Structure formats: structure tokens, C-alpha cells
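So, here's a batch of structures to check.
Two complexes, one shared chain (subunit A), two partners (subunit B, subunit C).
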Partner chain A sequence: MSTTIDAENAKQIRSSMEVYCGISAEDMSASVTLEVIDDGSIALMDTNADDSLKVSSWDIVPVTDLTGGGFMLDAGVEFADLSHVGSDAGKYGVQSYTGNDLYIYVNASISSVSLNVRGNGTVRVGGVGGETYPLQEQLVVVVPAGTRTSLEFLNSEPDSRMIVSTIVPGIVLNFNNDNLISVVLDLAGDLSLQDPSFEASSIEINAYYPNDISTIISTIAENSALWYYAGYDGNYCEMRRFYVTETASQDGNIINLRGEDASGAFSDVEAVSHVVWGDNVVGGYETYTYIKSLLNEAGISLRHSQSWAKQTRPSSGNIAIIQQQSAQTFLGHVMLCCRTPDPSVYAPTYVDAGIPTLYHKRTASDGTYKSPYQLRVWEIREEDCAEVVRGGERYINAVKNETSGEPIICRVAPKETGDKTVLEEVNTNAGGMYNRTVQEYCTRLYVSKAKKIYVADADRISWVAQATGVSKIYGYPVAIYPVKTTDKYSGSRPGVTIKVSPSIIGGVKSTSANVNNDLTSNYMRFNGSNITGSFTWKGDPRMQPRDTFKFIRLNGTTEVATIERIEMTHEAGGTSAVIYYRLGVM
Partner chain B sequence: MAWQTPKTDWAQGDLVTPADMNRIAENLNYLTGTSHCRTNYSADDYVYKSDWDRIKLEIEAVQNFLGMETEIPDDSVTSYNFNLVETFCADAKPQVDLIRVQQYANKYAGEFYADTEIYTGGFE
Partner chain C sequence: MPYFNTITIDGETYYRPNGFTPAREYVYAGEYVTCTGKTIADVVGWKYSDIALTWDALPQDQIDNLLALNGEAVTMTWTDADGATASETVIPSTHSLTATRFMNGTNPVWRDIQTELRFLNVHND
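Take a look at the complex of A and B:
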């Protein structure tokens, strides 16, 4: 009987969720040669089976097979075609007559080979006396590298076929409720008001595996792909992808796999100094575009990305300068500070947790706001929760620059009049590549005698020299006008003064009305809620950090809150989650 | 060629068994008076595309013989197509039977006689 996540969540006792996860560590740099032996035991196969077996991404085509009670109508089944060629559209693999064995020779350049097999029986490597593996759908076997070795698929069931669909070098393992011990996800966000950063999410999988492959799996390369999804047949959450960060291990029959989402790549990425426009909607657009470039530099491929038509700078106005800092720090600050009061106008947000998503504004929904990729504003009842904890931080009343005396907000104006200032002279050789960071932020950075200038931004310039001699770096140093050294909350309430390191010099405004949402401004620090909390709940695999929800309290009141973190556990057939939140739309 | 009552209520999710394929093939062979369609499906078999192409050809041949205009199934494995095939067989059988009886009666009487009642005394 089909059901849905929503239907099950509404029940007092939810049916066990189906959990699927695994590792795809196919070694694309290794080679494998296959020879399918047709000794009369093969009932159906691709005409290019020696090749189609090697492509794990081609799905098996369900065909009109009369075994097992027949084939189903209206189920996407196709008539079996003896001239079928395996391709992107699908493959047959190699299918035996009922009760028959299959024989395939493999010559792999590495010793671990992953098989995808359906049937009953065993797989024997290297003939009589060779290692035997109980057959399961996803199987990793050891073969002597660089040697032509037989794989015998020995059928133990007279009424069923042996179907081999994939043989690839490397390690591909799939787990489900039948062999999973536990899956623990830590889906992280940071909604702190003082020093927000960007945190990586993680996954840990413990699963049963009948054979000892501890040596093989310890060779799984860092950054190999882990995947996960959960739900009910026909209604699953979106697949989350993580990447191996620790050596895989096997203790007895329990395999352990750990990984993080793609944001682990930020550790190697710096948000370099960069000029963005400060005024109008162009400021918001250019800041959003800069976030995209950071993600691109980290090698993160966005699953969801909200588009924004290019905004063109006017002929004059103010600029803002993003200071050099770690990508995590910049992302944390820009998501907290660089927002309009109305999140449906401008609220640049990046969330990973296995589903890299970027958007620049929230969608008005159900009396509040949500991510444009969030199904709806979630609804959680306190009566369905346990361990409900509520906390309160002290309000932030004022913000100062960490560096004493330095301004907290600055107006930055380009001052492009007269001759450009010579900032530095560099001795160059023709064809040489040069990089310099000048001592002042500038506009119109330029260097003489350059064959090509690759970067000229804020205080950074990179070029290839045209000639041997002296190259001069020119620019217009920008004028920085300190606005204030302390930013104070405009209302009256008790609170603390905090010190911060400004991520940006100047103001970034994202609307034509120039609503003040300067990156160094403290709008959200001052107006973000000081109320936080956590609770244990049944969990919903579709939820993401920074999703909004309505928390219906026992006293009947409804609070709108933003999810900061989700610690979800699938174990012993059950699912639960600890959710951390902050009140309001963050 | 033994006729079996066609199944004309195929629905989504129904399983097609070897017995079903053998019935369809036997019925078409009955209609055509040939053994063009294979009738030895077993649990170790597939229904090949060539088998289905043969079924479609046989339907077309009977249609042309009877002057019927009915839809020919396409190559999708659906309840709609299986109902098309079996309903066709069910609809065509009375006409084929009538023609066969006519032929025998014609041989007996030596001349063509077209009526709803036919003397079949001595007809075997």
C-alpha cells in the first residue's frame, strides 16, 4: 500500500521509513576488460555486452520476462529484443536461462571489482578452489590485478535467472533497510548573531556486509561520493550527496563510512578582496554574483540556483569592498548582515547539507517566508516533540570594530579625477606572469606594458608582461569615509556590545530605495531574535537548515522559526531528529 | 488449434503469464488457420519483440480478410494493447466461424447460398 511522508508524519505511529544510501567509488582511472562466455546458458544479453556491463550509469531495462509469475502491464516493461544494444537508454546486461550459471572473464587493472547481480547463489573468482562470495545485489570481489580471471555466477535456484548488469573497477555499495545498522546525518547551519560562519554537514553510515572487505574499502579515496535518500515508495526526499572524509573501515561484518557535504571544499577557498557596487539593486546583484563565483571556485555544482537578470551599474555612485577572508566567514556574515528587512526582497542564502542550493530572496508563504525550494513552511507541534528546550541570549545593543578606532561602517567612494596614481613599479621579463597586492584599495587598476591583464580588482592585479623593463601599476585609490566607530541599536533595551571584524568596507544596498542593508551593518544582529531552542521530533528527511517552520506550542500560540541544525538518525527501523532553531525568519 | 476464451479485462498491474501468451497465440492461429504464432511459451521464456511483431501481422491479416477496421496495437507493453489483441480475437471469431461454415456448406450444395439458416445435413 502506497503512502507518503506527509501521511506518515500525521500518524501517531509512523511506518518505518525506507532508507537508501551507499558509496559510489568507481575508479574511473582504472580499466577493465570483459569477455562474456556464451556456452548456451545465456537467454538474453546486449549485443555489446562486453562494453555495456562496464557502464554503471546505464539502467537495466525491464523486459517481458515470463519467469517469476510473468511480466507486469503498464509498468515500463519493454519487449525483449535480441538485437538490443546497451546505451544511455538502458541495457539488458547478461541474463541466463532459469537455473543456469553465467561465466564472464575479467581483466582489471586494480584488484577490487564491483558487481551488480540479481539472482540466487554464489560468485566464485578464479575457478575451482577460488574465493566464493554469497551472491547479493551489490557485491565487491577481489581479483588479481592485471590478470584474466574467471567470474562464475553459480545459480542455486532452478526457477530463476542469474542477471549480471554491471562489472566495474572500484567499490560501489548500496545499502537499504535490509542491511543498514544506522545512518546519522548532521545537517548544519549557523544562525548565530555574533560570529556566524558556514559549517559543513556530515553523514555516517553503518551497514552490515557479509564478507570481509576491510582491506579493499580502506583504499576508498577521499572525496569518493556517498549518497542518501529516505521516505516511502514513490515519495522520497531529494537525494543528498556527501564525500568521504575519513578512511572507510569494517569491524566484523559492520562497514563504517563517513563523509561531509561539498562545502568541505571551502577550506581551500579564500574570499579575495573584491569591489562590488554599493548602491541600488546592483549592489545586491553583484554580491550574489560574487557568492556564486566563490562556489564555483570551490568546485561546488549547485543543485538549485535562483536566477537573477544582470543588473547594470549606473555611471556614478558608491562602491563597497569585500575584504580578504575565509569563504566560510564571508558566507556566514553575508547571510546574516546583507539582507533587507523584508526577506522576500533580498536575502542571499547558501545551504548545502548534500543539496547545494543558492537563492537571493525568500518566497512569501502561509503568512511568513520560506526558501523558494522549500516544499512549504513546515508545521511542527510541540505535543509531538520531546526534550523541548528554550534558550535566550543577551540582546546585542552595540557593535564595534575588533580593531580599536577603526570604523564599523564606511562610505566608500571612487575618486576618479585627474591622473591615476602610480602605486608600484615592477621589474618584468617579457612573457612573465606577475601578481601584486597594492597597499590601497583602488578603482581602475591598470599596469603598463602588459600583454594581458587577468585580474584588476580592489587591491589585486595579475598580468603577463609584454616586454622586459619596468611596468607601472596605476589606479585611483578610493576614498573611505568613516561613518561611525560604534553601531548602536536604535530602540531601548538592555544588551551587550560585541566586537566584530567587518567583512566588507562600505554599504551594499539591494533595492532602488537604498534600504540600508550594509554588510557591516548590524540590522540582523539587532533585529534577529535572541530566542533559540531545540527539541527531539520524529524527523523529516526533506527538511534543510535555514528552512522556516511554524512551531505550535502547547499553549496554542504559533511561533515562526528558522531551523539552524538537524541531527537526524535512522536506526533499528526508526527515525528521529533533534532540531535546533532560532525564532524569526533568518 | 484450440480456441480459448479471450481475456478482455486486462488492467494496469496485471501479470502476463506463459498461459496468457499461449492463449493469445493459439487464438490467432485459430483465426488464421495457421501455426504462425508460437504457442510454447514457458516460465523460462521472454516474449520477444519478434513474437509481438508476428502477433500484429496476424491481426492485420485477419482484418484484411474480414474487411474489419480496428486499431492495431503498438509496441508498448500495456493493458490497453493486450485488451486490443484479445478483444479483436473475440470479435473476429464469430465472423471467421461463419465464413468457415459457409465454405463447407458451399462445398456441400455446390452453389453459393447466403442465408442465416443453412442446411448442414451431412456436413462434417
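Take a look at the complex of A and C:
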């Protein structure tokens, strides 16, 4: 019987959701040598089974992608050729006759080895008297490292075969409803109006695994891949990927795995100072490109990325300067401030939660402005929710700079007149590489006697010196014109004054034919909704933070809201979620 | 061939208890009560409901076996009215019996026996 997440969620009592998750901690640096013993018990096997039981030997070759993603510049890429006949590695594995045993010798450089095997019976390591494991499809066995050891697959069922498909070093475990105790996901986000930050999401898996591999799994490397998806046969959410953060453990027969999404890498990434264009579309484009460079530096590969044709700077105009700060602070601030009031024009957004997604504008559809990668605007009925909580924050009426006396809104203009200013003198040795952060933000940063200048941006310059002696760093310090010391809400209502540290200096509202973009706008602080809330609901594994939804209240009215955070729990076969939201479209 | 007169618990045979027709119930998870009082849950499967096995009388050898069940999980099998044999993991708990026995010649017989039983398996077919 096939059903869908939507069909089940419409019911009051729905079928138990299928949850699949696991860990892929194959140790790529380890090696394993295999010998398959054919004493007449083998019915079918790949040619050179010794090799083809390793997935790395399978004829998996990246196929060129001419649809827009381009293809990699290494020689390992092929055009899809449907008539190409590869080897049969991976086709049969090693299969015994019905009722027969299988014998494979393994010599692994590490002591944990993952087997993918089907059949009934046990696996015995090291011959008579050795450790015996009851057979299950995904099995981790412990072998003495560096020693040729026998794996005996002892068949207990006269009518079925033993089929071994892969043997790899390391730990590969797949879990499903049959052995999962609980999977708890915290898909995080921060929609606060004062000082939002970017939060990484996390997953915790508890699964039943009857063999004691507690020593082995504590060796699982940090950042090994965890994967998860849930739904119903034929209708699952997109696979979410997380990376191990804490040492895996096994207590009794229960394995505990914890991980964070790729954004966990932001804790090691700084948003460095950078000049972007300040006005209209180009400013938006360059800020979007800067966000992409942050993601690159964190090593995040985007699953979904909204493209944008390159925008070129006009000959004159204002600039804006992104100040040096943590990547999380920058992302939180840019998503709140650096956008147009109409999010279908410009609203750069990065969402992770296991599916790294980047887009620069929302889809305008019936006023709900859904993310372009959201399946549709979700609908949640209050009558299906428990513990419905609603809160109101005090309005923000004025914003000031945290550093008293400093302006909150500035205009920054390049001031490239007259001679360049000497900013600093540096004693250099020929061939040495130097980094400097100068005292002022500049355009046209330059250093004399440089063999090559790698970076010259805002207040940062990096170069390789040509000669030994004194090098001079030059530039045109930008003109920073204070515009407002206090940015005030235009209307009249009771509210508070907040103090923030601006992430970006510059970028005053400028209208153009295309877009009205203000890189330092407090528009959302003044006009974003002050109403937040949360509720317990049955859960939909496809929902992401920052998705919009229609909240159908008990009195029949419909509100549009943005999801801030989803805490989803799969436990004892059931699924439920706590959803935190802010009213309106963020 | 189905046997309607007896059930087995942990391999030992007993006379069929009085009115022995185990009921089934759904097992729910992720259950919560909404703000309108509605119960929302995921149905995981079904299991047999807890049952009290009662006998008017049992012979000595069956009582000995029954009292030896000390609360560990054992397998119970019986034949349903439709001829299908069911086999479930159960945990026997409280036993209660009338503290008299009736000697039918040389065959001791115990009266008014009751054993509480909990079914463990949840089925999702």
C-alpha cells in the first residue's frame, strides 16, 4: 500500500512514518585485502570477487553534467554511454548455493570491517572458537588488524543462500524502524529582530545494535557522514546530511550517534572585511556572492543554489563595507537587514538543516512568499496542534550603535582624489609573504615593491615582496558620512530603543529602476512582526527553517508565518514536532 | 490439526482457560492531545490486550508448571476459532488460586485459578 506524507498528515490517526538513517564512516585511508575461497560452495560471483567486493572497484564514474552545473576538470569524467559494458563488479557479489556456507579471508589494516550480507545464520571470525555474530544485513565485525583472518558465513537455512555484496574497512551502519529507538532532530534557525545569529542544526540517533562494538565505534572520526530521511514508501523527504560531532557510544545494546549539519563548520570561519557595491542591484549581487564565498570557505557544498547572472558596477556610486566578524553573526544580520521590503525582489537566505540551500529571493505567490525550494506553502491547522503558545515582544522603535556616539547608518563613498595616502611602511625581505590590516578602510589598496599582491580589499592586504627594504602600503581611505545616529521607526507606538553593532557600514537606500536595496536597513526591525509562537504538531520531515506556512486558527482566520525552528522526534514508531515561528514573512 | 482444548505456555500444556478469546488493541506513538481536545497519534501496529487466564480447576501437574513461571518472558501458543495457530511472547505476572484442593480419588485438583498475562509483541501487518 503506498501513501504519501500529505495523505497521512491529513488524517487524525496516521500510519507510522518510515525513518531511515545511518552512518557512513568508511575509512578511506585503510585498506582491506580479500580472498574468496571457492571450494565448490559458490554458485555465482563477480569475476575477481576479491576486488569487486570493495565498492571502490565498482565502475562508478562521474558523468558529465552539461545542464548548467558544468563538469569537473579532471580526467575521471565520462559522457553517458548507454551501450558501454563495464565489468561485472558489484553485479552478483559472492553467492553460495542454497544451504551452503561461504569462506572469505580478510586482511584489514584496521580492526573494524563492515559487511553487507544477506542470509540466515552467523558469521564466525578467525575459525573455530572465534567470535560469532548473528547475521544481519549490515554487520560490523572486529578482526585482528594486519592479520589474514577467516570470515566464515555459516548458513543455518537449507533453503536460502549466503550473499555477500561488499566488505569495506570502517563502519557503515544503516538503521530503520526495525532497530531505531529514537531520532531527534533540531532544525535550528534564529528569526529574532535584535541580534540574530546563524545556528547549526543537529541530530541524535539511538539505535539497537546487539553486538558489542562500543570500542570500535568510539573510533569513528569526527565529521563522518550521518544521513537521514523519513516519509512513506515512494514519498520521502530529501536526504539530510549531518556530520559526527561527539564520540559515538554504545551502552548496553544501544548505539548513540550525534551530529551537526555542515554549518557547524562556521565556528571556524570568519567573515573577513570586504568592500561591496552599495547601491541597488549590484550591491545585492555582490553581497550574495560574498555569502557564497563564506560557504566555500566553510567547505559547504550547496544542494540547492539559486543562480544570478553577474551584475556589473556602474562607473560611480556608493560602496559598503562588510566588517570583520564571525560568520554566524554576519549571516544572521545580513538575512535580517540586507533585503528589500518585498522579499520576492531581494532577500538573500541561507538555510542548512542537512540540506544546504542558498537563494536570493522568495517566490511571490498569493502573498505567502515561500522559499523557491519549498514544495509549496505549508498549511497547519491550529485544531491539530497542542501546547499552542503565543508571545508578543516589545516593538523596536529606535536603533542606535552599540558604541555610543557612532552613527548607525552611514554612507560610504570612494574618495579617489589626489595622491594616495601612505598607510603603513613595512620592512620586507625579498620573497617573503606579508599580511597587513591597515587602520582605515580604503579603495585601491596597493603596496610598493610587491612581486604579487594576493589580496587588496577593504583594510586587508597580502603580498609577496619583490625586494628587501621598505615597502609602502598606499590607498585611498574611503569617506564615511554619518547619516543617522538614531534610526527611528516612522510611526508612533510604544517601544524600545536597542543598540546593535552594525555588520555592514554603508549602503543608503537608493531607488533605481530595478530594486530598492538598503544594505544596512532596519526595515525588518521596525516592520517585522513582534508576535512569536510555538506549538506541538504531528511533524512533516520536509519542512525547513525559514519556510513560510499558513496557520489556520481556530476562529477560521488564516495567518502567514515563518518557521524559525523545528524540533522533530521520531520515537517508538511515532513522529511529532515542536515548531517555533514568527508571524509574517521574514 | 488444530487443538482447541489446550494452550501451551513455555512448552507446557494447559487446559484451555475459561472463555479464552484474546482481544486485540492498537498501539499508538507520538500521541498528543490538541487544543480542541482531539487526540492525534501515529498507529504503530496492534497487539493482544492484557488478559487474565482463569480456570475453574487444574490438575496438580499443570499447577506445578504454572507456578514455576516466574515472570520471565515465555512463548504462548493457542488455536483461534478460525483454526489459525497464534504464538506470542508473554509475561505471566500475578497468580492467584483458592487455597483448597479437592482430591478426586488420587488426583489432586486445584480450583479457581487466575493468572495475569501481558503480551509483548506488536504486529504491524
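Rule of thumb we're sticking to: the second predicted complex is superposed on the first by the 537 of 586 C-alpha atoms of A that agree within 3 Å, B and C clash if a C-alpha of one lies under 4 Å from a C-alpha of the other, contacts with A are read in each partner's own complex, and residues count from 1 in each chain.
Here, a contact is a pair of C-beta atoms (placed from the backbone, for glycine too) under 8 Å apart; a residue touches a chain by one contact, two chains touch by 3 or more.
What you are looking at is a predicted structure, and each value in this text was computed from that prediction instead of being measured.
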Partner chain in contact with A:538 - subunit B first, subunit C second, else both or neither: second
Contacts of A:572 with subunit B and subunit C, given as first, second, both or neither: second
First, second, both or neither for A:13, with subunit B first and subunit C second: second
Subunit B versus subunit C as contact partner of A:234, first or second or both or neither: neither
For the subunit A and subunit B complex, residues of the former touching the latter: 43-44, 63-75, 77-82, 97-98, 159
Subunit A partner contacts - residues on subunit B that touch it in the complex: 10-18, 20-21, 41-52, 75, 77-79, 82
Interfacial residue positions of subunit C with respect to subunit A in the complex: 27-36, 38-45, 124
Complex contacts: residues of subunit A adjacent to subunit C: 12-17, 382-388, 536, 538-539, 554, 569-576
